[in-house]
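In the two assemblies presented below, subunit A is common to both, partnered first by subunit B and then by subunit C.
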Partner chain A sequence: MKNFELVEPSTIDEAVALLDPEDTGVRAIAGGTALMLMMKTRLFQPTRLVSLRRLNGALRTVRTDENGGLRIGALTTLTELEHSPLVAKAVPVMSRALRTLSNVRIRNVATIGGHLAHGDPHMDLPPILLTLGARVRAVSSRGERWIDVADLFLGYYQTAIARDELIAEVDVPLQPVNVHTWYAKFTALSADDWPTVGTAVWYRLESGVIAEARVAVSAATERPMRVPSAEAALTGSSPTVQMFAKAADAAADEVHPLADIRGSAAYKREMVRVHVRRALEHASRARSTEAE
Partner chain B sequence: MTIPARFTEPADTTVEAPPKAKRKAAVRREVGRSIPRLESHAKVDGSAEYIYHLRLPGMLQGKICRSTVPHGRIVRIDASAALAIEGVHAVITGEDIRTLIPDPYYGPAFHDQPILAIGKVRYVGEPVAVVLAADLHVAEEAADQVVVEYEPLEPVFDEVAATKPGAPIIHDSLRPAGMFPDLQYLKGRSGTNVALDARVLHGDVEKGFAEADQVFENVFRSRKVVHATFEPTVSLAELNGSNGLTIHTSSQSPSYVRAEVSRLLGWPENRVRVRTAFLGGSFGAKLYIKLEALVAACALLVRKPVRIGLTMEEEFYTITKHGATVRIKTGMAKDGRIVAREVETWWNGGAYADIGPRVSQKSGFTAAGPYDIENVSLINYAVYTNDPPAGALRGFGISQIVWAYECQNDIIARSLGIDPLEFRRRNILHDGRPHATGTIMTNAEIDEVLDRLSDRMHWDVLFDHGSGPVRRGRGLAIGFKACIAPTTSVAVVNVYGDGSCCVSCSTVDMGQGSDTAMAQIAAETLGISTETVRVIHPDTDVTPYDMATLGSRSTYHMGNAVRLAAEDARAQLLRIAAATLQTDIEELEYRDGAVISRSGARMTMRGLMLARFGMQAGTVIGMGTFTPPYTKPDPRTGQSPQITPYWMLAGAAAEIEVDTETGRIRVTKLVNVGDVGCAINPAIAKRQLNGAGTMQLGFTLFEEMRFNEGQVINASLADYKIPGMLDVPEDLSAELVEFPHEHGPFGAKGVGETGMFSVSPAIANALCDAIGVRIMELPLTPERVLRAIRESENRPLESE
Partner chain C sequence: MMNETRRIIRFTLNGRAATANIAIYETVIEVLQRDFNLFGGRESCGQGLCGCCTVLVNGTAVSGCLYLAAFVDGAEVVTVEGLADRGVLHPIQQAFVSKTGFQCGYCTPGFILMTEQLLKRYPHPTDDEIRHYLSGNLCRCAAYPDIIEAVKAAANKIQAVESDP
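Right, the complex of A and B next:
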């Protein structure tokens, strides 16, 4: 490892000023759990690391906004999210997923900002946030903008966050009534491994019929993505085991899984089929959101 | 002054053994107590010493530049770019080492491994050069800048293919090391990748097959895995005066390191000092020479202290567990008795033999299982390939072998319609019967192991196999191992003027709790409390010779040596008292730091010292040496009347759930039964069984080194996963079978490896019980299981 500069700004304005769009060796570091792995394998050799650890205050809170949605500061650790009563109430699917996300040691330091900015498809929260319709606020010296999580992941380790931008917070909108959600994580190796396949489902019932459906797949694919064919199969039908199986088949047909040490493409396609179906079945049994 | 010492010569080392009943009745204060480990506090508060943390003044750090090709000639090494980096002190290559050590090849079986590659590389990751710098990061950066040009040679990775005619030859010729008596039959060879073929012939296997009613033949495989110790391998060397060298190293075999480094340097052993501390795990990874010769050579070349500490990633390129292919053929009589068994095993030893020949031979001779079989033929090939070297891993090859015979036994039992437990009962090798090597089975409680498994599993009760996508199954397996022989342990027990005592021995506490066990044995013998005993960590300048901490041998061998040393110290104290009190030694007893006579007279430690040294200070040194008897097997037939000091028997049983839609196995219950003779510390012994069982669970379900053209593609703990807390079965238990071994210290046998033996086949047998699918290759990953399910349903998954 070559020598590099470590800076610890105390405001987000200072932090973005220290980023350098021209230098690929300059990056923000939050929990460092992902970045350190890349540095160890020398995939990333920093010239300057901009530590965000002093930006604690406002960037490390979970609150409810005026519209009833959740606002999560980018530096909130995954453990803090896991134990947040606000998260548990608004989006229990997220609290549940956090409990099997890696292990306590990782969750204690990893942050939601790093989790989303990393662009690794093997993450648990992105498919859930996709189905919840979340967005992130990105800040740079040029100003700020909101990016839908649906537009955040561009490819394998590629996101829409520019080199001079930081994620400041995540907005999870208030969920409508009668929504059923579930996240199914499947690990092929140890229980605390990254998912081999992650599937998140979300559907809203109107008079017993699925009025709107969202299905997202991650880990098996090059980026977390919605699966329109499965969503189309669900929309307008009633939530039956047969319909769920049909949607799962559609999802399995649509995705292009990547083979790696956790499984072949054919196997991962099968796992998408099984886990989309199971997630839908679980969702149908889970308590739906209620009106305030 | 002469110090009375008691050396027990190897020839007459029979430890007197009171009959079983008497032993059981003996009242003990220290042995048999679950005393918390002596070092627990130090490990929690961080004060325990580990070599990985050691920094020496003026030290240089070394970073190894490693081969990028699996097999090739070195055309050119250009270190100029690396040397140009500021802070780089030196770049050392194999040719530099040669200026110091003309013949720089080492190894416990063959002198085949160069300290740094010379002329040729034989695996991806082989050390080619070392960059030395005061700053580790500078060394790391410079190591990337060392340019090595290779002329590639054809590699071979598969252990069976490597033995075929026309396979690329990895070593032009082989030179046996001749250090260990059990390996002295190794021969110089050339033109082959087979380092050793070891045979055991018993009865007439051809005749057995001809007479059998049915013959079964299967091939079982296990893949390479790694030790994954939390403290990576590390060694430091510093000059010691004008002509000596001190090596600080995370080694399981300090005595061997001293001998081998001295041999390489052409020095007498007394100029090399080797010391260790606690090891953060080892499991066989830190045996023989790993980095010691390299740091020694570097320190001598640059005349400065040198440290090389591996990263976790480098561990994958240092030592591994053998992959193995086992072909097993079994002839059965109608009544369910095994009449003939032939086992042929190819051991993938990687590029350097390390201790592979011992793994092959020692595990190989048990390959028919703990069964009474009239006709047996066992052949083991220790094979060189272009994979990273393979050596010892907690069991020395036993689990690869048990995987084959216990899976096949279930296949046979099922096919004959015999309950798997009953099948084993019908065939087990009872005490008093000859094993395939000709050695008579003794002190081996196989029946009891089976009984305990049966009890714990409620084997007689009908089992619910479940319905729907998740099915349940249960399975069991037994296995055994012969402890390594012949080996020696020497111990010193030093009783000080105040009655406190130290045990000096070269057994390395690498997490198995040996310090506590040795202290318990010394305390029991001296009638003092364990907590007051201090165990001095291996330092070859101070602690006497020990073969190594391996193969579950320490409790038995060093335990006996410590017991003998303590008895010797006690005898000396009694002699002093007897002379002073003018009584018979038989009238005296040493307890709680004083000698008490039957008539009520009492001599305190101060009094004893005064009597012996003329003042209230001094020391009494007891010594003990232990070498159990051994007879070398006949190299043609593998026959020996005394092949091992003791047999270690083990059994495991598992209940599992298998998700038939994903292929994922969840082990809900795992029972590990070990025949331990006598548990010096029952809690520690149980933790050894559970720890080993959990380790083997990882090897069974998902651990596997994945290769692409010799390159390990999952060489980090991010991608090579080991079991975490959530993988541990909800119902995990260990059970000790305790029938004192007649020659063990207080009846104890070793237990470090026992829990590994039977776990994999128990789980595979449970899988078959659950869904009728048989998998013959480890690990049982979800994909492998699902593919097998789909095959059996005639709707296979696409291959890609």
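Right, the complex of A and C next:
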């Protein structure tokens, strides 16, 4: 690796002041597991890294807010989320997914803020957060703003976070009653590989009918994304295996998979079909959020 | 602060105070090998997948090949060399020997440190917990069945010591 400047500010104000909207070589680094991979392969050669490790206290908490939603500090590690009783209670789909996200050592170091800011379409939490209706609070020396996770991912490794912004917090709203969720991940090469396809599903039942549905696909596509045609297929229907298969067909038709070492575009399209269907079937068997 | 290419870091290494003069881009594994002659942690896949570079930082396992040495400034670092107590093997190390939980031994330090972490979280691990927890450690000799036996033996040994000190 080439040399670079490493700065370790102790407040978030200092941190954002050290970011540079003009210089693509300036990046924030938290756990650094993903960034280090890019640096080692020279995909990214930093001029300055702004380490966030001294900001830990303020940004490394998980709490319930006054509306019953979850507030997750951006520097919370994935291990902390995996074992958080608050996360397990509010969004068990997230706790379950974290258990098979990379491995223990990576989860010990990687943070949720970095996980989202990296914009890698293979990450596990973005499709889940898309279905949960989550948003992130981005701060810069210009102020702060909330960005819906639905508007966060613009393309392959591209996010709506500006060069001089940091993700400070993730807000997962209180989920309504009678919601079924699941995340299904398919790894083609080995169990601990990056996913070939990630599918997150979420639907809310009203009198036995799907009143609202959210389906998100990741890894196979250039960015994690909702799949409106699959959601439309589900809405107003009963949660039956036939409807799940229809929704899965709609998803497979809608996505534009990218070919890579984990499979051709055609193969991934079929895997989207299989795993959207399976995720919906699992969701229907999973315990829903509390019924009224 | 500008254009600083090297810095002095101070940390605790296997229980002793340590100082190193590092380049900013160096990983903790590079520094442990070059400055401290500690080769128990070794870079193998270089991507955090294989577990050969495992070191404990403030009691938590990290992939040393993805961890900047600058980030251990002020921290407590433990490598596999720090587990034995005055020449007496740690019960986990002893269990790996007794159960032959290795063949070539290249991955063993990583497995031993991850077992230390595993038993802290699950003192009586099930097979599933062991397999799941150690899924980020690769043994290319495929000594996995013996490794799992070694983990169980270590758990029993530690349990016996704790209930009868």
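Definition applied: the second predicted complex is superposed on the first by the 290 of 292 C-alpha atoms of A that agree within 3 Å, B and C clash if a C-alpha of one lies under 4 Å from a C-alpha of the other, contacts with A are read in each partner's own complex, and residues count from 1 in each chain.
Here is the rule we go by: a contact is a pair of C-beta atoms (placed from the backbone, for glycine too) under 8 Å apart; a residue touches a chain by one contact, two chains touch by 3 or more.
Not measured: the values here are computed from a predicted model.
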With the two complexes superposed on chain A, say which partner A:Val109 touches: subunit B (first), subunit C (second), both, or neither. second
Just subunit B (first), just subunit C (second), both, or neither: which does A:Lys40 touch? both
Tell me the contact category for A:Ala188 with respect to subunit B and subunit C: first, second, both or neither. first
Identify the partner contact of A:Ser207: answer first if only subunit B is touched, second if only subunit C is, both if each is, neither if none is. neither
Report for A:Val274: first if it touches subunit B alone, second if subunit C alone, otherwise both or neither. first
Kindly classify A:Ser51 by the partners it touches after superposition: subunit B alone (first), subunit C alone (second), both, or neither? second
Who does A:Gly263 touch here: subunit B (first), subunit C (second), both, or neither? first
Residues of subunit A that lie at the interface with subunit B and also at the interface with subunit C: 1-3, 37, 40, 103, 191-192
List the residues on subunit C that touch subunit A in their complex, please. 1-5, 7, 23-25, 27, 46-49, 51, 54, 60-63, 66-68, 70-71, 114, 117, 132-133, 135-137
Subunit A partner, complex, touching residues on subunit B are 137, 140-141, 144, 311, 313, 661-662, 664, 698, 702, 706, 713-714, 716, 718-719, 721-727, 781-783, 786-787, 797-800
Quick check: in the complex, which residue numbers of subunit A touch subunit C? 1-7, 32-33, 36-37, 39-40, 51, 53, 79, 99, 102-106, 108-109, 191-192
The subunit A residues in contact with subunit B across the complex are 1-3, 37, 40-42, 100, 103, 186, 188-193, 259, 261, 263-267, 270-271, 274
